[in-house]
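In what comes next, chain A is part of two complexes: it sits with chain B in the first one and with chain C in the second one.
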Partner chain A sequence: MIKPAASSEKKGAVLSIKTTIQDSIRNLLKKGMDQGVFDAVLIPMRVPAGDSFSYVLIKDKSLLNNAVALPPIMSVQGAKAVSSVTRLGNGTMKIAAVMRPCEIRATIELTKLDQVHVENMTLISIDCPGVMPILDFIREPEKAIKLFENATKSWDDTIMRPVCQICDKSSMIAGDLHIGTLGTKKDAFFIISNSKKGKDTLEKLDIPLNGNIDSWQIKVKENAEEKQKKRKKTHKDLKTKIGHLDNLLDTFSQCINCHNCMRVCPVCYCRLCYFDSDKVKHPSGEYLRRAKEKGSIRFLPDTTLFHMGRMMHMSLSCVSCGSCEDACPMSIPVAQIFSMVADETQGLFDYVAGRSSGEPLPLKTYKKDELHEVEDAHD
Partner chain B sequence: MTKALKLTKNTEQGVREFVKFLLEKGNVKGVFTLKKINQKGSVAYSLITTSDELNDAVPFYPLMPTNAGTLLSRFTLNGSTTEPIVAIVKPCELRAFIELIKREQGSLENIYIISSTCGGVYPLKIVAEETIEKNLSQYWDAVKKGEMNENLRPACTGCTEFTPYTADITVDLIGHNNLDKECVLILNTKKGEELAKEMKGEFLERELDKETLKKFYDKRDAAKKKLFNEINTKMKGLDGLIEIFGRCIGCHGCSTVCPICYCKLCEFDSSDSEYKPSTYESELKRRGGLKVPPGTIYYHLGRLAHMGISCVGCGSCEDVCPVDIPLSIIFKKVGESIQQIFEYIPGKNIEEKIPLLTYEEEEFTEIEE
Partner chain C sequence: MNRKIGVYICECGPNISEKIDIDKVIEAVRFLNDIVVVERYKLLCSEDGKKYLTEQIKRYGLTHLIIAACSPRDHQLTFMEVCENAGINPYLFQLANIREQCVWITADKEEATKKAIRLTKAAIGRVRCHSPLEKKEMESNPDVLIVGGGIAGIETSLQLAHSDRKIYLVEKTASLGGLIKNFEKTYPEMHPCSISIQQKIETINKTNNIKIFTDSEVEDILGFFGNFEIKVKKNTNEKDSVSFNVGAVVFATGSTLFNPNKTTCYGYGKFDNVLTALEFEKMNLSGEIVLKNNKTPKSVAIIHCVGRTEKGYCSEICCMYSLKFARYLKDKIPDIKVFNFYSDLCIPGKTHQKFYEQTQGKNIDFIRAKNIEIAKKGEHLTITYNDEKSGKNNYDVDMVILSPALEPTADTARLAEFTGISLGDGGFFAEEHEKLGPVSTSSQGVFIAGCSQGPKSIPDTIIQAEAVTGKILSSLIPGKKIEPEVKVSFISESFCIGCKTCLDVCSYGAITFNETKKVSVVNEVICRGCGNCVAACPSGAITLKHFTFNQIYQELKAAIQ
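Now for the complex of A and B:
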C-alpha cells in the first residue's frame, strides 16, 4: 500500500539530541529563521489555560520556546490551519509548518482541491504515535501529558484515538521534510528529505544528506505492516457490526445532526454543505406525506443519508485523522466507519489520500470505460 | 380558574391516549413528539401519523436530542403546515419556536402545542453511556415531589422558566403527586379547550399549583445564582475569556444546534471571516504570533451579540461542545442580562416584538454615557 517516494529523493541526515527532541526541533526551526530560510513557523502551542493546544503562526522567535512539535491532541486538524492562512493565496512569507503526517496528507488533498496554497510553505512531518481523544486531555491535562510522553517513548497506542490505533501511515512522508524518531539511537533523530524544496532547505541549513536512514525505514515498515494487519481486522469486525442497513441505521440513530463531524473534517471544505442547504428543507406537506407512508418518521429525517452523502463526497480524500470522531458529542465511531469505507474507495483507484501531490484526484481521471467489475457486480 | 381535563391514567399514558384520540378522530393529522428509537434509551423527535406508532412515544422523556423549536421551524419554514398537527414540546423549545416565528422562520398556524411544567433534561452524553434508563425512576420521583434532580444539563439546573407561557395545553408535572395515577391537562386556550372537548375524562376547573411552583422556582433560582456566580469569577476580562474559550476547536457546533442561530451561513463561516495572506503578514509583524484559525473569542462574542437577546437557555450548545466549554451558563447569563435591559423574555409572547425592531434613537443614554 505505502508507495515510497523515489529513492533518489528520500535522503536523510542523523542529527544529535542535546537535551530533548522537542528542543532540537525548536533549535532547528530557530536556525531556519535566523538564516532567513523561514520567515515564520506554523506549529502547535499550549493554550494559556493549559487545557489544549492550538496552531500558532510564529514570527517572534522567542515564542518558539513554547512550541510543541507533537502535542498529545489534535484540537484542530493542521490542514485547516494551513487553509486558514493560505486559502486566498500563497503570500510572500516563507513558512515552515510542523504537523503530523495525516495533517500534511490532508493539506496535500486540499492543494488538489485548490483550498490551500503551499508554494512558500515547507511541510515538515514527524513520526506520529497517535493523538489522545481530546476530552481525555482536557479533563486531566497534566496526567495526559505524562501518559503521552510515556506512550511516545514506548510507542504504545492504547491511549490514542481508536483510529490512530489502526493508522498504518503514521510515518508516511508526504510533505517536504520528515522528522524520524523511530529506529534511532537514544540521543539522535533523523531528518529526511522528500522533495526538492526539502533538500534545498536542508542545504541552506548546512545539513548534509549523507546519513544512513535504513534503521528508520526498517522500523517504519515493521510498524506499518503490524498496523495494517490490525487495521484490516478492525475494519472487518466493524463491517460485521454495521454491515447491514439495519445496523447502519442503528449506529447513526444516535446522531443529533450537529454536523460537528463535517465541520472539523479537513477535507469537507464546502462553505455551505449540501446537507445544510435549502435542498434538504422541504415543505410541511412533504414531511407529512413521508410520515404517512411509514406511520412515523424521525424528525429531522435523513440522518443516515447525511453520513452516506458525506462519505460519497469526501471518502476518496479521507486521511483517517479521526477529527470527526473526536468532535462527535454522541460518541458515534464515525472515524472508524469512514476510514473503513475510505480504504475501500481509495483502494479501488489505487489512490492514497495525500500520499503525493503528483497523484490527481480519482474523480479527475474518470474514464468512461473503467471499473466494469464494480458496476457489473451490482447488476 | 382555567378549564382542565383529568384522565385516570398515569400522566405519560394519559397524554399518549389523548393524542391517539386526536389522531383517530381526525382533529390532527400528525403528532410531533419524542419517540423511543431503540432499547438503549435513545429517543428522537418524530412526526407520527398512525396511533400504533404512538405506543413508543415518550413525550416527557428527560432528553433533548435537538431543540424542538429548530425542528418545528424546519417543518413550517416553507409555509404553515397543510394539515393540523399537535406538537408536544418542552417550555424552552416552545419559546425558541416563538422566537423563530418572530424572525419569520416558521409558523404556528394549524399547530396545537402541548407542553408541561418541565423538570429539565439530562446531558446527551448519558445516551452514549447508556445509563438513562437507570435514572428515570429517580427523575420522576423528584419531579413528583417538586424537588431538583441532580446531574441535569447545567442550563436546566438553573432554569427558572419551567412553566410554558403560550401552550394550548399544559400538562401538570412538577409537584404533581399523582403522576402515576392521573393525568391533568390544563386547557389554557380556546384552541386547547376545543381540542379536548370530546375526550372522555373529567372536566374541571384547575390551575397549576402556584405555591408548589414558587417553591420549585426558589430552588432553581438559588441554583442559577450559584452557577452565575461561579462563571462570573472565571470570566473576568480578556484573560478570563481566553482561559475559558482557549480550548474551543472552532467546530461551531454550538451555533449549528442553537435554535436561535438560524442563519444559513453564519457570518463567522462566511468570506468576511477569511483573511488574505497579506493580512496575516501585517498582523504577524505587529504581534509576533497569531493563533490560526483566528477569531475564536470574536466568534463567541459575536454569536452572543447576535442571539443573546433571544437565548432561551436550553443548553443545547453546551451539550454538543466536544471540549466541554460551559457555554450554556455563559450564554444564559449574558442573554438574561441583555433581556433584562429590554424587559424582554424571549418566546413569552408572540405579539411582542424583538427589541431590535423597537429601537428608538433616544434611549439608553444612561448606558451610552
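Now for the complex of A and C:
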C-alpha cells in the first residue's frame, strides 16, 4: 500500500497577507489565470440572494472578486461539483479547485471509482475550522457570517456542526496544494505542495518552496491530537447510545425516508439507490405476511435497513464531511454515526478514505492475509 | 404466470428413507402456494424414476419441478435432462440436497427431517423466481495455436496433427527444439537425445497440416474458446504479421534459467570457469570440456539448488541433470574429480535412485553444504561452505557448474494477460486446478503444457502434451457446436456507474468497457458465471442469471422463516 508522503517531506512557502487572507487567495488564483496556469477556477461563491453559497466554475477572472475560499456552510459537497464537471472525462481545460480537505478527500475517493477525472485539475485545500449547520446560517445569514469569521480567527469550533467538532483531518492534505492558516502570524499564510503537480504550479507562479512550515505542522499536530481525543470520546458515547439493535431502531425511528442523506452524500455513487428501486417494493401480500409475523409493520418500510445498507456500502469511503447530517430534516446524527462506523471499518483495512489516490479501495484489493480477527470470531 | 410446481422426494433406496421422515416433509410443503403435487419415489435417478417423472410432468402439466434428493453434483444434469425431454425449461427446476446436507451429516432423524423441510421449502421459494434460460450454440474452429517450439510444443503439435488438426506452431527463436537441442544425452538412460529431437523436427517439417512460424511472436489473442483471433508477427520484420483463427490455444513456452548473477556468492560473470548448467551442456555438446585457458579441468564442483531460496521452490530436475553432468565428465575425463554440493537431493521416480547409486563412486563426491561461496585463488576456484558436521570447510577446483532454478520465460506474463489467465507461484502459468485441472486454465480453450506450467522433466512434459491433446480432441470437435455457459452475468446500462471495478475482478477477461456509453459490457460467450463481478459491483448494476438477487433472497427467506 502506498502511504502518503510523510509531512516532513512536504515543502511550503510563507506568503504575506496585504488585506485579508481571502483577498490573497483570490489574487493568487487571478495570477494563475493571468499566466495561463489555470484556465478556470472552481470555487464557492455567495449566491446573489445572500442566503447561501454555491460552487461556481469561473472563467471570467474578474468574478473571482466574489469568490470565498472558505464559506461558512457546505451547501453542496465540493466533490459533487467536481464530479459534475469531470465525470465524463477531464477535457483539456486546466481547472483549479479550491475546497475543504474533506471535499478533496471525497474527490480522491471518487477518482478510484472513475467518477471524477482530476488529471487536469489542481486540487487546493485550506485549513478548515469547520462548517456551520446550514439551518443556523439560513436563519440569520449576516450574523452567521460574522460569527464564522470570528470563529475562524480564534479557531473556536463551538458554533460548528457536531461532526466538524470531532474532525481530526481538518488540515489533512490529499490534493496538490494546501493553504495553511494555522500557526502563522496575522499577516502571513502558508502554501504547501503535496504533489509534483502542486510543485510545478507554484514554480510557474514564481513561488519558491523554501519557507519554514514547522510552526504550521506543530499546530496541525496539536489540533489533530486534541480532536482525535474528542472524536474517540464522542464515538464511545455514541456507541452506548446506538450500540444495540433496539437503540439503533430508536435512533432511526424518526427517519422520514426522504433519502436526503443519500442524495447529498458525495461518495454515494449508485445511479439508482437500491432502496429507491423497485427491488424493495413488494405486493401487499408480502407486507401482510410481514405484519402477521411481527404483529404489525411500520410504513414506510425498510427505514433502518436503508441506513444500514448505506452504511455497509459507504462506510469504507466515508470522509465524515457531515453533508448527510446537514441535510437531515429530522436532525438524526447520521454523520456522527457514519463517522464512527467509518473509523472502525476503515481501521480494519488500515485505510483512510481519500487520504491518497495511491491507496486502492479495500474491497477491490485481495490480500491473502487479512481479516483474521473476523475469521477467528466465527471459530 | 400460473405456476404448477411438482415436488418429488427421492428415497434414494434406504439412504434417505431410513434417515428422514419423508411423510413429514411432504406434509410440510403440500399446502404451499403453487404446489400441485408432492410425491415420494424410491430412486428418481433410475431409468424407471426418470420415466415416472416424465409421466408426472405431463399428467399434472407441471411448469416447475423440485426434486429433493442428492447433491446437484451427482444428478443435477440428469434431472435437467428429464425436464428438457418432458418440455419444461431445465432452468425451471431446483434440486434440494437432502442427502449429503441432511442425512449424511447427522444420525438424528428429527434434526435431519427439520433441515430437509427447510431445504425443500428454500428450493420452492427459489424456483418460483426462476426464469427460463435458453441454451446457446456456436460454430467452433477446430484449429489450434501452439506457442513454443520446444519438446512440449512439438509433441502437442504432432499429436494433434495426427488427428488431422490444423496446427499453427509459433517459435520465437530461429529453430525448433527448445532447450533440449543443447543436450548430448538425457538421464537416466543416457541415450543420445539430439537424434530423437532432430527426428521429431523432421517429422514436423514434413507434416502438411502444421504451419510453423519461427523467429515469430504472438502479438495478440482475442476472442474465446472455439473462436480465437490470433495475430503473429515476425521478429525479423516488424511489419510482417499474419492473422488467423483457431479454436484453442496451447502455451508451451517453457522456462529459462535463474540468473546466478543475482547472488554474488557464486562469482558468476566475475570469475572464469564458472558456468551455468546450460553453458556446460553446450560445451559438452561441442565435444570438449575445457577451461578458459584450453586446459582440461582436473576437478569440477557442481552446485545444486542455485537460486532455490530466492525463487522459493525446488526445480525438480536440477539434481538429476547434475548427476548426468557427473557422468559426462567421467566419460570424457576419466580421472577427473567431481564434487556435488547440494542442500537436498531430489531423486524421485522408479529409475532415478538407481541412476544416483550408479553415479556415486570413485572420485564423485556428494557433499551436503550450506552458505556456499566461491572465490578465485590463482588459477583455481575456492569453494567455502558449511557442512553438516565439521563446520566451515573448503575445496579448490578448476571449474564450477551452477545448476540454477528454472523460471518462466519472459513471454509468460504477456501471454497470460492476452488471455486473461493468471500467473501462479513463481510466475508460471496457473493451472485451473492443481490436481483436477493441471493442463487447463481459467480461460476455457487455453491450455498449458511443459515447463511453462512449472519445472518438470521430459517425460512429464510429454505427459502434459498428451493430456492437452486429449483435452482439445474431446472438447473441440470439428462440426460440433460449442455451448457457452448459460448462467452468465448481465450489466444494466442504466445502473452501471462506469467505475470499472468489474474489469479488475473478472478472471476470464469477459468484461470490456464501452467508452462511448461509459458502461461495462459482459461478453456472454466468455463469461463463466463465477459471480465475482456481481459481488464487486459497487452500484448493484450486475446480475448473474439464475443467481439473481431475488432468487437468492427468496431461497434464504424460505430457508430461515
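In this text, the second predicted complex is superposed on the first by the 366 of 379 C-alpha atoms of A that agree within 3 Å, B and C clash if a C-alpha of one lies under 4 Å from a C-alpha of the other, contacts with A are read in each partner's own complex, and residues count from 1 in each chain.
Please note the rule applied: a contact is a pair of C-beta atoms (placed from the backbone, for glycine too) under 8 Å apart; a residue touches a chain by one contact, two chains touch by 3 or more.
A quick note: this is a predicted structure, and the numbers were derived from the prediction, not measured.
The superposition on chain A brings chain B alongside chain C with room for both.
In the superposed model, A:271 makes contact with both chain B and chain C.
Applying the stated contact rule after C-alpha superposition, one finds that A:88 touches each of chain B and chain C. Legend: residue contacts after superposition of the two complexes on their common chain; A:152 is shown touching neither chain B nor chain C.
If you count the residues of chain A touched by chain B and by chain C, you find the higher number for B.
By the touch criterion stated above, A:256 is placed in contact with chain B alone, chain C being left untouched. Of the two partner chains placed by the overlay, neither chain B nor chain C lies in contact with A:215.
In the superposition on chain A, contact of A:291 is made with chain B only, not with chain C. Contacts of A:113 after superposition: chain C is touched, whereas chain B is not reached. Once the two complexes are laid on top of each other via chain A, the angle at chain A between chain B and chain C, using C-alpha centres, comes to 100°, given in steps of 10. In the superposition on chain A, A:363 makes contact with chain C only, not with chain B. Superposed on chain A, the gap between chain B and chain C at their nearest CA atoms measures out to 9 angstrom in whole units.
Taken together, the two structures place residues 88, 271-272 of chain A in contact with chain B in one case and with chain C in the other.
Residues 88, 112-115, 269-272, 274, 279, 313, 361, 363-364 of chain A are the ones that touch chain C when the two sit in their complex.
Those residues of chain B that touch chain A in the shared complex are 29-30, 32, 35, 37-38, 42, 44-50, 52-53, 65-66, 71, 74-83, 85, 124-125, 127-128, 239, 242-244, 246-247, 249-253, 256-257, 264-265, 269-271, 274-278, 280-281, 284-285, 287-294, 319-324. Within the complex, the chain C residues that touch chain A are 494-501, 504-505, 518, 536, 538-541, 549-550.
Of all residues in chain A, only 40, 42, 45, 47-49, 51-52, 54-60, 62-63, 75-76, 80-81, 84-93, 134-135, 138-139, 250, 253-254, 256-260, 263-264, 271-272, 276-278, 281-285, 287-288, 291-292, 295-300, 326-331 touch chain B in the complex they form.
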